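Labels run A, B, C, D, E and F following the written order; every chain starts at residue 1.
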Amino acid sequence: MKYQEQNSKEIKEIIEKVKVAILPLGAVEAHGPHLPLGTDNYLSEKIAEKLSENVECLVFPTLPYGQVWSLEEFPGSVSLSNETLINMLYEIGKSMYKNGFKIFGIINGHLGNGTAIKEAQRKLFSEFSDFKTFNFFYTGTDKVIQEVRETQKLHKNYFHADELETSYMLYLADEYVEMSKAINGNPDYPEYIDITPVRWTEFTDTAVMGDATLATKEKGKKIVDTAVKNMSDIIKKTLEEIK
Amino acid sequence: MKYQEQNSKEIKEIIEKVKVAILPLGAVEAHGPHLPLGTDNYLSEKIAEKLSENVECLVFPTLPYGQVWSLEEFPGSVSLSNETLINMLYEIGKSMYKNGFKIFGIINGHLGNGTAIKEAQRKLFSEFSDFKTFNFFYTGTDKVIQEVRETQKLHKNYFHADELETSYMLYLADEYVEMSKAINGNPDYPEYIDITPVRWTEFTDTAVMGDATLATKEKGKKIVDTAVKNMSDIIKKTLEEIK
Amino acid sequence: MKYQEQNSKEIKEIIEKVKVAILPLGAVEAHGPHLPLGTDNYLSEKIAEKLSENVECLVFPTLPYGQVWSLEEFPGSVSLSNETLINMLYEIGKSMYKNGFKIFGIINGHLGNGTAIKEAQRKLFSEFSDFKTFNFFYTGTDKVIQEVRETQKLHKNYFHADELETSYMLYLADEYVEMSKAINGNPDYPEYIDITPVRWTEFTDTAVMGDATLATKEKGKKIVDTAVKNMSDIIKKTLEEIK
Amino acid sequence: MKYQEQNSKEIKEIIEKVKVAILPLGAVEAHGPHLPLGTDNYLSEKIAEKLSENVECLVFPTLPYGQVWSLEEFPGSVSLSNETLINMLYEIGKSMYKNGFKIFGIINGHLGNGTAIKEAQRKLFSEFSDFKTFNFFYTGTDKVIQEVRETQKLHKNYFHADELETSYMLYLADEYVEMSKAINGNPDYPEYIDITPVRWTEFTDTAVMGDATLATKEKGKKIVDTAVKNMSDIIKKTLEEIK
Amino acid sequence: MKYQEQNSKEIKEIIEKVKVAILPLGAVEAHGPHLPLGTDNYLSEKIAEKLSENVECLVFPTLPYGQVWSLEEFPGSVSLSNETLINMLYEIGKSMYKNGFKIFGIINGHLGNGTAIKEAQRKLFSEFSDFKTFNFFYTGTDKVIQEVRETQKLHKNYFHADELETSYMLYLADEYVEMSKAINGNPDYPEYIDITPVRWTEFTDTAVMGDATLATKEKGKKIVDTAVKNMSDIIKKTLEEIK
Amino acid sequence: MKYQEQNSKEIKEIIEKVKVAILPLGAVEAHGPHLPLGTDNYLSEKIAEKLSENVECLVFPTLPYGQVWSLEEFPGSVSLSNETLINMLYEIGKSMYKNGFKIFGIINGHLGNGTAIKEAQRKLFSEFSDFKTFNFFYTGTDKVIQEVRETQKLHKNYFHADELETSYMLYLADEYVEMSKAINGNPDYPEYIDITPVRWTEFTDTAVMGDATLATKEKGKKIVDTAVKNMSDIIKKTLEEIK
């Protein structure tokens, strides 16, 4: 159910019944020659849709701007500061809580938003202790990813416009994928990338961090469906606990 | 052309050619029983689409949250602070400028965003004096509105979920309008509403400020098409000046 | 009654009885060759005096600095940021409330202060819901102005150092007016002034936006007296409501 | 010369010639039964006037609100935060500098403003290294005060509504002094007042910290004239240095 | 070499030669019954000492307060906000840069400081692009830890007062360890701890997250010495690059 | 008793009994050729130790960075903004209060921290009115200093790396003093140093403001012991009052 399609007269009762607010959060960021700038937005939005087929919830309009520091120098990227994103998420969450929601799930499509999400969650937690918030980012997919992927991951935390993300797009929004332009982007991550600030433009021209040519819809489906199932399980379990 | 559908490899050249960034900006807010909470988002997004048919531009993903103070207490409303919205618009604008855009047009669907837009524009102007920004809010439609509307306006600045706004929706997004629920909301604006803070919940249960039953697609078309023409004229003229 | 002339020993009782705090708020800003930089201060201060003859109130010392963005580049202008002015008004209002005042009327002499006043009012409203605040800016004078003025207004919102403002000064503080230097400043407002940031220095050398030579004391008296009556009516009515 | 009496057309040339901006800064604060709430405003304003008779300068409109923490709980006090006052002074100073002033002298009438003044001066210094700012607070009067006063001072830094301040008022603004209500307020300063926060309401009902009955116009004249002379000497010397 | 032992006269030359600033950063936080509140401070300080034996550097005085959110509710914890810690690290870094340092290594003893460190590093990077900063947190010890530890790790990121951290303390500061009080703290991490805010007091009384009784000085030595070697290699390599 | 040596299990009971938190606060700042950059840290830390021998208290880890504006341009200085230091002290104090402390004594070793300490104390006072805070800076030593010092003081408030401070170091941390390098630094304070911002580098090359060669351990002992006695008396008296 889409939140913004509802009207003010009926929404109160609906919220009381449904209790779950879902916010797709993405970013506008370089994703190589074969994926669009809005990749993280399409993904978070589509995953939210799938989630809403598994568990009753109200999907809020996608927040399509995120914190893009590492890839900020690539053409097309749009970047918010952590501070602005924290305030945004906090204020949206506060409005949700005042409207009667009990659970606020953020479907995050962009790793770089993680810091701001965590901080916003803590602010909400400190103020509204009975408001459950979740940061969903391909939740619980480590195992299925290991089974599915053909290539080694280049970095323990990062994936970008690679076999995985391209597979997600093929499954969820293939109308925006140009597989003919997909490449095997295989730059080395700089040795110190985890301990010192590095703009990715320093070591890659494409922002493709892996072999995108190996992407398939099937891989995407397996991983995304797992994530969706995990998220809906978490929400259902939490709903039962707060009853 | 939708900005987020482009890819990083090609976008630089496109921006150099097109020069114009358009950001639809709305809000999630009560709009009576016949219009959805996302009315301002649908309107700004659709108007941006129409604009993009008249003048070459890149339409950015809609920013669907706004400053909703007056109607904050109605069920369903989501509200940002002015400060957060200012920073958001400023940071998006800054990224646009760094990406090479020369013109930043905000298609605003929600009057309450006006203060934040103006402040963000001034911040951008002070920092990037050759970056043109426009706050488009049904630009240049005073005359056509007077011709078209059958009812007197209740307030010199505000219209809300009334004959006008419902007409816009009928023209641009009638799939979200339930005319059977439309009412003639005719409360009195409190005498001092322009000089003292008033939550609208104090004087209306519906948030409908006018006679929504008189709305027609044709009225909406006349006004919206005028606005779109005006906006595209302004952009074209500005493009010529900066050549 | 002037607030700062009272002493601490007696003020508590006086506030309990009077209940109404009035703050004249102006700006230091270019007002052409015939009006002084402090025009907005003189006006707000004198109007406050007149108001205090009509309704019992305590007039606070004039806050003589305001938000001057549009005319900031003219020689002599002094400009505060919105943020600083908001905090200033909020903190003064908070002290008033803690001292026992029930009504806080701002006599604003400078249109550019409007945004900060509104935001400060909302902050006070959210924190102290039983504290009435009013933004008085030539309140309820649209009709009398239309009767009195000989020239068309150049802009729907702005007037500046013109027939009107010069008339106000002639009525309230003619010792600071040099009518011999008055001019008919008649520049065109730039077409897009309402939707894009424009420094007024871009289109006028004098900052006179109208025909100042037509100003008379009588015109000023009619308009100002109307405003004063309206303000005192509003205060009296509010006093009765809160009894 | 009063700054706000000048007009925009002539002010640029005047500033180039005069170079010196003087800002009287006071507070609204309890000053016992015999002195008005605006004592610090009257004093700073009158001293600025006297200064302007000794050295050519432009006196800005008095900023009549200050940081009043210690006496905030007394009836009538109005208090700004340090942060707001710092920003206010910084922004006023910045406008002065942009207008061409070379020297910015703050005539401070209220000790509690000292912290904010110092911080604002440092901000201005860091940004505009050739802009001289002075914090004038009864400058260079230690010796004459020792000669003149009949009572011991109760505290090494503080004086308040006492023999001294009342004398200043008798000399500069005796129309606001009610000597018949003057008392010998002689409370003990709490032992730890210099090292722990203390609201003065904890140890005095009157806010009179000394024997106000001993105040005379002559004492006030001797001290104030000394201060004025010192200030004008400093300004003259600085003017010569920056020539 | 300890920075604060040097004097101002000689320090400039020393910095020019040494180039490397090291800041031990810890926290005051519950570490079970057998480890002291200052565990993270002792560890970061001692590791900095060891590092300074391997590579020439100036060790700054330990910053002994950190961001302690998860364990904030345990007796004894002291917590800074991320914002304050970011500013602190940024300002210290800025002073280092102005003093001529080329490399700023933070020896972090407390995982919770990671977010603030990263943000401070990015601020410094954006402003001083030739200033290298490193976030050292048991750098490059994954492999040796796997070899050394006898127990499985309870969480992929967190360790706390467990076999590992107790071993570090036995190696570096055994005078503060009371092994007789060491326990096998083996609570389950809540299922959703990675995606929702959880105070650790919700699931453990001791804050010991593992089997502290298995700790030995030898284990600590192997891991810490590896980290020290890695850090000094990184610094040496960077020094060569910037020559 | 050192706070960070305690463990979380026992600390609650200890705090309930002891009630007093002591924070040594210093700075990293130029102190001439004979004293180290960390002089203010060594002094505050050693004085805290001495204090803890006189009155039962928990000494927190030294906060070794402070607000260093006046001497910021000297080699070696590290400077925090007032704002950051205020937040730091406020947040540490808040954690102390939540942990059950009743008294928070700051042993300040650096005059420049005074403004931030005072502001942080006021913030804590406003929020936790039953939390006593003290700013200890060589408390109550005016008289003994006058008896002991052989030289006149150069400035009523400032002393720096002079006869006094060097004596303190000789008494408390002579291992860091190189008396052979001590000089008689005798520059004139600029005439306006109290009323306008002055970097000390403008008038001294050494930052020694007095005759350091006259320093002796005995002088230091007399003054420091007096301060320690005064502080412990204040704490004891306060402890009795809050019983």
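Assume a contact is a pair of C-beta atoms (placed from the backbone, for glycine too) under 8 Å apart; a residue touches a chain by one contact, two chains touch by 3 or more.
A quick note: this is a predicted structure, and the numbers were derived from the prediction, not measured.
Chemist: When every step has to jump to a touching chain, what is the lowest number of steps that links chain B to chain F?
Modeler: Minimum number of steps from chain B to chain F: 3.
Chemist: Using the touch definition from the top, how many steps at minimum link chain A to chain F?
Modeler: Graph distance in the chain contact network comes out at 2.
Chemist: By CA centroid distance, what chain is farthest from chain F?
Modeler: Centre of mass proxy via C-alpha means gives B as farthest from chain F.
Chemist: What's the rotation, in steps of 5°, that superposes chain A's Cα atoms on chain D?
Modeler: 180
Chemist: Take the average of all CA coordinates in chain B, do the same for chain D, and state the distance between these two points in whole angstrom.
Modeler: Here the centre of chain D sits 50 Å away from the centre of chain B.
Chemist: Can you give the whole-Å distance between the Cα centres of chain A and chain B?
Modeler: Computed value for the inter-centroid distance: 27 Å.
Chemist: Indicate the whole-number Å distance between the mean C-alpha point of chain B and the mean C-alpha point of chain C.
Modeler: Chain centroid spacing, chain B to chain C, equals 30 Å.
Chemist: Would you please write down the residue numbers of chain D that are in contact with two or more other chains?
Modeler: Residues of chain D never touch two or more of the other chains.
Chemist: Considering touches as defined, can you lay out the ring of chains in sequence, from chain A by way of chain B?
Modeler: A, B, C, D, F, E
Chemist: If you look only at chain E, which of its residues touch chain F in the complex?
Modeler: Answer in residue numbers: 2-12, 15, 28, 30-38, 41-42, 60-65, 72, 74-81, 83-84, 87-88, 91-92, 95-96, 99, 176, 178, 181, 206-207.
Chemist: Along chain A, where are the residues that touch chain E in the complex?
Modeler: Spelled out, the residues of chain A in touch with chain E are 69, 82, 115, 118-119, 121-122, 125, 132-137, 139, 192, 195-197, 234.
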